[in-house]
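Each structure below appears as structure tokens.
Okay, so chain A shows up in both of these, paired with chain B first and chain C after.
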Partner chain A sequence: MRSGTLAVARAIARRDLLVEWRSRVVTNQVIPFAVLVMVMFAFALDSDAVLERVAPGLVWLATIFSVLFLTARSFAVETADGALDAMRSAGVNPVAIFLGKSVAVAVQLLVLDVALVVAAVVLYRADVSLGGGVLLVTTILVATTGLASVATLYGGLAAGTKGRETLLPLLLLPVVAPVLIGATRATESAFGTNGIAVSEGWPWLGLLAVFAVLFSVVGAVAFGPLVDE
Partner chain B sequence: MSGAQPIVTSAADGAATGSVVELIDAVALIGSFPALAGASLRVERGEILLLRGPNGAGKTSLLRLCAGLLPLERGSASVCGVDLATDRELVRAHVGIIGHTNGLYHDLTVAENVGFWGRLSGATSAEVHEAMQRMGLDGRLSGVRVSKLSAGQRRRTALAGLVARRAELWLLDEPHAGLDADGRDELDRVLRAAAAAGATIIVASHELERAGGLATRQVEIVAGQVRGDLR
Partner chain C sequence: MTASTATTGRPDRVTGTPFTRALGIVTLVGVLWLSWFGLFVTPADVNQGESVRIMYAHVPGAWLAYLAFVVTGISSAAYLWRRTRSLTWDRIAGASAEIGVLFMGISLVTGSLWGRLTWGTFWTWDARLTTTAFLFVTYVGYLAVRNLGGSHHQRARRSAVLALLAVLEIPLVHFSVELWNSLHQEASVAGNTDVTMDGLMLFTLFLGVIVFTLMYVWLLLHRQRALALQDLVDDTGLDLAIAARRAEVG
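Showing the complex of A and B:
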């Protein structure tokens, strides 16, 4: 009996998270790096008023930089001993590989974002109301879905290339600009930055949702041919 | 037809006799280069076949064709009853190919790696355990991380993954490379046991003495053509 796509995707996500749990790269390296970025900005800007204003943007900038590490790591474990090739050679459905790896990256991003929001509240004195909290959680979930999808797609594309460490940021950063803009605006509303109302943040979720759906579908369709190339 | 002697005459023959691999005048291209130029071959269930030949002769290409990784340009080819001309993606579920890498996750244990490959095919925990047992990986080794294993133990873990996946045809490219004497002996032992249990194994190797002792039959590949039985 062959396993269905969702069962295989679940097995791949579980395996990726187990690899991370064993290696502790996210907890010992990526989260400290992202928090360090926030701290360095606090030193560089050195003004509570400015920090309060730019906190949402810094949270998402640190998230996007960290996505590069997470994605590179996610595919490094696949290519170290030819496991990605072995999965394709074994006829594993590329949609399942894409879904499984996207979910694993998304889970790690969620943990990272929680740490970054806490850092923003502590370091930049960001304030979150109840309504703002709902918007913030929704923003994180939708933006994380989009980021994980696009990062997995481009991570797979770069995995088999020479110079993938430098190629991935060049490919990924321009594409995730809409997430940076949309998530920053929504988070500004959630934090009440510059007196922006929470209700003004919800329309930005539309942009994030379109991005997430678009790259989830495109990624599922294109991942197989891109990896096989 | 090319200069190769045809070993089978029709694809239907194979199904009747239980052949796992049947190639008739198979042509496969890498770019515009004919990596296989009219190769004909039949391999029966439970055989351990050694593919020998110089570098660039087409050994790896033949393995990749059988694994469904290289398209069939002309001729006919059937592997595990699947026609490679029309359904080469489907054959991948029946075939396991191991080359210079093992396809393992080094931060995971032997049991977790074999279990992962088994889960992809819907294998039960009992089947995964049996796969490890057959490769001598049960007991203490099952809980050891792959990064701590010797080259031979890693190769056996990869083979256990093939057992857990229930791969019928094993395609091994230079399987003895990088193994010490004990590792080679152990590998030969598990390959013979796997063949006795019904797996069909094709080995491409330059190490004729070692792989020749393992194989039940040998063929030579020259310029993309199978030159027939050498034993």
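Showing the complex of A and C:
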């Protein structure tokens, strides 16, 4: 049963990524959107010094805005032709659906975050040392796992409902506050913003890890009852 | 025949009972007593002046909101637990969350007005304040999910799971805001508010908590029954529509 669940989860993740690969919505729309947000921040803040100071926070804000689109897209694919209902009535374990979709969202987020860090380096003069790079990669991996889990959980709840476009941000944004706080602080250390040492960033990884583990486990348990008919 | 004619004109379908009427009168008397003591009898504070009177509505309001959210959490768990599964628990959870959101809104507004008068600022990024704001938004989202439609049990399960998720999230949000806030000490205007209180002021505050709790019970009973009637309208409305359609065909 366990191995069956994992196999189904892998199949769902592969299918979601294949759909993305063929439709290119992430590469052609979501990443340009996120980079555009970074450019708009530069217009709004209008100062190199300020931008350098707030670059880590802006990277994560842009990530969180983009998660909303990624998740909506991930479930629009499901609900457009009733695939989610079909999978549920075919007896597919909701844990497998949750894991598969979370992994697919996480992979897309990783690609997005790489683009955003590059944008921060280019546009905001962010600077990453070797030690900072290790911290940054770890932060992105852990924060992305947490974000993908919680977004899949609430995305599944909002999927197929009236007003899902506005419901998802209302539900999701308050919950991801710990990720925004933790990931921003860790990224500040990785970028060396305001002379913060790289070592000061590692404790924030604890917060991100607790979040990621908590919502992966809770999400797997709660996803079934939330999307069930 | 429509659903409304079936449910109106039945004098037994009201939300009031002798108990709630008595409770309502006691609550009203309590509110008047609290207003009299809070506005006229208690002295102005040495440091805060007249603005201290906001506290008699703010503190009980915040207490009521927290109480309401705890009740929502417990009733949601009671609904999810197989042995106690009943839509009554779901309606109590929903009614309680509505009251909680209302009073959390009231205490956020009164709190920021008091803050403006006392600290000179409407808002500070204090961990307790920030968590309270998140709590407010989280339950606004909860209420939005309750209104998504579907069957009653679908609504009940969805919102119960969401309420339990909120119970998990809130400590995490509070903890992370506290960590974040520890780096921004300059923002904490709320320094020494722990002053010893005059006996009469303390009594009035205590009275406020009791009166607001009675008000909560009164509102909860009525709202829960109103929600039950709403569900009944939904159910019988559909049955009546089907019956009417059958009569047409047959």
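By our rule, the second predicted complex is superposed on the first by the 224 of 229 C-alpha atoms of A that agree within 3 Å, B and C clash if a C-alpha of one lies under 4 Å from a C-alpha of the other, contacts with A are read in each partner's own complex, and residues count from 1 in each chain.
By our rule, contacts are C-beta pairs under 8 Å (C-beta built on N, C-alpha and C of every residue); 3 or more make two chains touch, one makes a residue touch a chain.
Because the structure is predicted, anything quoted here is derived from the model rather than measured.
Asker: Mind checking the superposed model to see whether chain B and chain C fit together on chain A or clash?
Answerer: Superposition result for chain B and chain C: fit.
Asker: If we overlay the two complexes on their shared chain A, which of chain B and chain C does A:V19 touch? Say first, second, both or neither.
Answerer: After superposing on A, A:V19 lies in contact with chain B but is clear of chain C.
Asker: Check the residue A:A90 against both partner chains and state whether it touches chain B (first), chain C (second), both, or neither.
Answerer: first
Asker: Take the Cα centre of chain A as the vertex and report the angle out to the centres of chain B and chain C, nearest 10 degrees.
Answerer: So the C-alpha centres give an angle of 80 degrees.
Asker: Counting only touches as set out at the top, which of chain B and chain C does A:V217 meet: first, second, both, neither?
Answerer: neither
Asker: Figure out whether A:D81 sits in contact with chain B (first) or chain C (second), or with both, or with neither.
Answerer: Once the two structures are laid over each other on A, A:D81 reaches chain B alone.
Asker: Between chain B and chain C, report the minimum C-alpha distance in the superposition, expressed in whole angstrom.
Answerer: So the smallest C-alpha to C-alpha spacing between these two chains is 7 Å.
Asker: Mind sorting out which residues of chain A both chain B and chain C touch, each in its own complex?
Answerer: Comparing the two interfaces on chain A, one with chain B and one with chain C, no residues are shared.
Asker: Residue numbers of chain B touching chain A in their complex, please.
Answerer: 67-69, 89-93, 95-108, 112, 116-117, 119-122, 145, 165, 167
Asker: Which bits of chain C are touching chain A when the two form their complex?
Answerer: 80, 134, 137-138, 140-141, 144-145, 148-149, 154, 157-158, 161-162, 164-165, 168-169, 172-173, 175-177, 179-180, 183
Asker: Which positions of chain A touch chain B when the two form their complex?
Answerer: 1-3, 7-8, 11, 15, 18-19, 22-23, 77, 80-83, 85-92
Asker: Sort out for me which residues of chain A touch chain C in the complex.
Answerer: Residues 153, 157, 161-163, 167, 170-171, 173-175, 177-178, 181-182, 185, 207, 210-211, 214, 218, 222, 225-226, 228-229 of chain A touch chain C in their complex.
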